[in-house]
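Listed next: structures, encoded as structure tokens.
In the two complexes that follow, chain A is the common piece, with chain B as its partner first and chain C second.
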Partner chain A sequence: MTAATDLRGFAVRPYSPWGIVRELAIVAAGLLLLSLVIKLHWMTNFMIFFILVLSFDLLYGFMGHLSFGHMLYFGAGAYGTALWLVYGGKSPLIALAVGMLAAALLAAGLGRIVMRTHGAPFALINMAFNEIGHFMIQSPLSGVTQGEDGLSCSADNIFGIINLYKDGWAFGFAAVMLLAVFALLRVLTASPYGILVRSIKENEQRVKFLGYNTFRYKWVTFVIASTVAALSGGMFTLVQGFISPRVISPFGNVDIIFAVLIGGAGTLYGALIGGTVFMLIKNFLPVLIPELATLLNMKLPQWEMWLGIVLLVIVFSVRKGIVGAVLAKWRQRPCGSTT
Partner chain B sequence: MIQTVIYGFTIGAILYFFSVGLSLTFGTMHIINFAHGMVYALGVYLFITFMEYFGNSFLLSLIVSLAAMLPVAYVVERFVIRRLYGESLDYAIIATYGVLLIGTDFIKLIWGTTPYPVNDPIGLSVPLAGLDLPVYRIIIVISAVLLFLALRLFFKRSIIGQIVIASLEDSDGVRCLGLDVNRYFSIIFVLGSALAVLGGILYAPISTAEPYMGFHILLLAFAVVIVGGMGNINGTFVAAMVLGMVMAITGRFWSQASSAMVFVVMALVIIFRPMESD
Partner chain C sequence: MIDIRHLEVAYGHARVIHDLNLTLSPGEMVFIVGRNGAGKTTLLKTIAGLLKPTQGEIVFEGRPVAGEPPDKLARSGFRFVAQDKKVFSSLSVRSNIELAAHGAGEPVEVAWKKAVEIYPKLAEFRALPAGRLSGGQREILLIGRALVGNPRLLLIDEPTEGLAAIVIEEIFRILKGMRQTVSAIIVEQNLSIVKRLADRIYVMKEGRIIREINDQSGITDSARLENYL
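Then we have the complex of A and B:
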């Protein structure tokens, strides 16, 4: 956004397959370490959320388009998968593909509209579409989606053995998917395409002057981000076996934005770390606050107020997130970029 | 049908009260102010509390809660909004969203989550063409029109209004004239917040007060601001009335779809309007 940008990220790094394998190994090791302290079932939910955060990071962190409606595509994937399981077949992988396809088509259509805007209108229009989607699921489509009552569904085992309702298998499935998404985004963001996307974030006008059709690149990125979000939604359906309109509620968007910001927007590791911190806060704070309240014998505000306070703190003091702050220390140079 | 039209104008009037501040904040400071919803909701809850305290005196409670909200709006402006001038839009959205979350939770902490109904302060209705029209709604519509005219006068005649209009066009230019633009922005901000509180209080007897009321009207008001054009004072009025009418007419046939329809109209406007540069 300003001259403070670190230009090193813009070099085309000829990456070796080994480099990606090494990074995946680091991520996998991190996941296994985390699963030592957290129950496997929770860990699966964590990883599904990580995929969602990674997809949002592509849109916001790399392309600089803040959307308040990313949950629409998560929800579209979740409902697409669930509806296929209920009315179509029982194969989980096909259901997942159906959910992703549904969200991709939705994103391709809506992307033609939303990508005409940027900045504030972009955020708000996405929010509006998210609200319409939420409404559609709740009311006009309630004959199919069961509206507020939610939809239960069950899937067969993958390849006959992988039972997603067993914690161990579900963990493995989510981990593999997460690693696949991480690898895909790592390759994408380091490629010339990824550099163009990041250039759009810095200065779209100049990219246009270079002769690129930026609209097309933005649209493609939007569709990719939405499809990955739908993957996350579909996995949520498969693992939970039950969904309600809450999966498509616009209120969920803050969670994603918060996770991306706290980790550091624009880096894949930031999304993972931010997702971890967010999920830890979200899962432990509601337990801790009532205990603290009884301990202090007073009424304490619930979870939303703390979220609000942390958002303010992030915006006013640690903008680059955890990863950004660490990297800034790491890369300090006499005449390097200052923040 | 006449009742639907009156209802549409009422909703439009409330949307106008709320959206003016939002539109001006965006036009002058380029900030999408989610905290507007916080000010709105908190104002209504204060009003309900004062209503009990003052023995159901509508006007007195209105004035006192309005006066009580001015410092709150100023604090938000001074400590959050002012620190975001010239920053990237995203951070402003996120920070003001944080303020909205804090305000919502504060309301839940003090007043609980159960909705509060508010009585119609007049309760009379006039017969017109064989229908009963509540006087209170007519008063709301009239006050919105008066506000529109007053704001027009304010922006045309007063020095402050002229400065703000000039800054909507080119705030750097105004700054070059040696004027402290930020001071006028904060006046406008507090004015906009006061109008939101006023709208909320006027709307309370028709609806009920609940902690998330700020969120709901924000979504609608964003649609108003986008349709009307950001920072466009006349456009906001027209858009608010049109969208209020869309809500009322949709609601007559299919009540749950009324707010979704607003967004459909907004999407159509975006599709068919030439692209804005920013």
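Then we have the complex of A and C:
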């Protein structure tokens, strides 16, 4: 067996501090390249979305639990942060921590229920909780959340310098947070814990035969994924200065699922690439379609329909996602080949 | 070691194991033979905690364990190697052993060394995704994984089914090396393996044990054993 085959075959890549630094440099370079063609304030939104997709990938891609209710935790983070800024204090980092803590506690509680299920019941129970959360924000809690009107909030500068309402600072802040989340998940998924989570996805029963209480690991993973989703929700609040019940709407789950499917579930790079492709399609189609209609002098269907068609084509043509397809090609190369 | 008394198991309303009694002493290797549908796999699954008996007792080292979850039984030293030869296919061979080592609280290097000792070729396949191993190699990996930690009771379901003769001999060699060191209940249809390894044989038919063979002449009597398959 050649060394090349060994490396190609290694399913869970080990990590080293330098390896992580190298990977972070690659991700950072990718972000900088994107920022050359995309405006900074858009890039900030892109990166917030990337963090959300990464969190979902941990739950679905790595552990195999497809949730239709992940936006609940994004929304909990967003509202937790906003409510602290409105009723608590103006420190953005404390507000972010409050948002994450609120979502973590919510996930810890609901996780005791939802992690006892899997497959369709898991997806649907999560959606039900998401819908309940959406309703609570809109109606019963409207006294504090302002319901449909939304909530405006403002935060002080971080360390007295970093003004998140300026595009450059917001971009830098989002980039640092994204790189930190990427590094955290990279270490986590390559660790023995990560190996266990992947194994649960493959065959939970067999993992139990090895003496593991799988429920405990699934619950911890659910809480981690939800807390990371809350981080992106809190960042959204800090950067936008305004939130409405849309941030907790179950419809948002479709975006995350598509992004993961496009990029390839179970790979962190897949989440980033899928997130990029999805955001590019979602942000540029509304501009391109009307221009095309004008150019052709004909009426074209709304951009949402084209978005659906494009996404279906991508998902069906690369079933394992972009990264999955590339990896499959790479593994099919003859042994010993170095190109 | 393990004492099964008046065990009854059902799938819904269909009873598949009836009033079954079985004992296993420490270090003993017991084989279960019988035709398809006799309830052999159901029995192993019940002992492993995958199925709950409707009646009866399973007593392991003086403690009733019937109906305990598989993870708890695994922590008590039970190891189940299922018939389907399913490994964690996306994980490397080494990661498969690592996973078992963490679960059993054994240092990874110790576990890996033990696995390589029983099948040196594993060292060669160390980084290969386990899904790319042949059926025989997977079975050996599964047995190697089952030996990680401090197994007290091995439950192995048809380890040689569908394997080439040369691999069967390899598995025979591994099972032979385990004799006297670990107790095992093995479901097997390959009589050449059964005859050479069994301390005792239970014959199952239609969910019942119809015969216990514990004399050496009976164990090696191929013609008689053939009648039960």
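Operating definition for what follows: the second predicted complex is superposed on the first by the 301 of 339 C-alpha atoms of A that agree within 3 Å, B and C clash if a C-alpha of one lies under 4 Å from a C-alpha of the other, contacts with A are read in each partner's own complex, and residues count from 1 in each chain.
Just so we're on the same page, a contact is a pair of C-beta atoms (placed from the backbone, for glycine too) under 8 Å apart; a residue touches a chain by one contact, two chains touch by 3 or more.
As the structure is a computational prediction, the values presented were derived from the model and not from experiment.
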| item | value |
| --- | --- |
| Partner chain(s) touched by A:Leu66 [first = chain B, second = chain C, both, neither] | first |
| Which superposed partner A:Ile161 touches (first chain B, second chain C, both, neither) | neither |
| Partner touching more residues of chain A, whether chain B or chain C | B |
| Touching partner for A:Thr117 - first (chain B), second (chain C), both, neither | first |
| First, second, both or neither for A:Pro140, with chain B first and chain C second | first |
| Partner chain in contact with A:Leu36 - chain B first, chain C second, else both or neither | neither |
| Touching partner for A:Leu307 - first (chain B), second (chain C), both, neither | first |
| Which superposed partner A:Met298 touches (first chain B, second chain C, both, neither) | neither |
| Chain B and chain C footprints on chain A, overlapping residues | 1 |
| Partner chain C, residues of chain A touching it in the complex | 1, 5-7, 9-12, 192, 195-196, 198-199, 202-203, 205-214 |
| Residues of chain C defined as touching chain A within the complex | 48, 50, 69-71, 74-75, 79-80, 82, 86, 88-92, 95, 98-100, 102-104, 124-129, 132, 145, 149 |
| Footprint of chain B on chain A - complex, ascending | 1, 60, 64, 66, 68, 113, 116-121, 123-125, 127-129, 131-132, 135-136, 138-140, 254, 257, 261, 299, 301-305, 307-312, 314-316, 319 |
| In the complex, chain B residues that touch chain A | 26, 30, 32, 80, 83-84, 88-91, 93-95, 97-102, 104-106, 108-109, 219, 222-223, 226, 230, 256-257, 259-260, 263-264, 266-267, 270-271, 275-276, 278 |
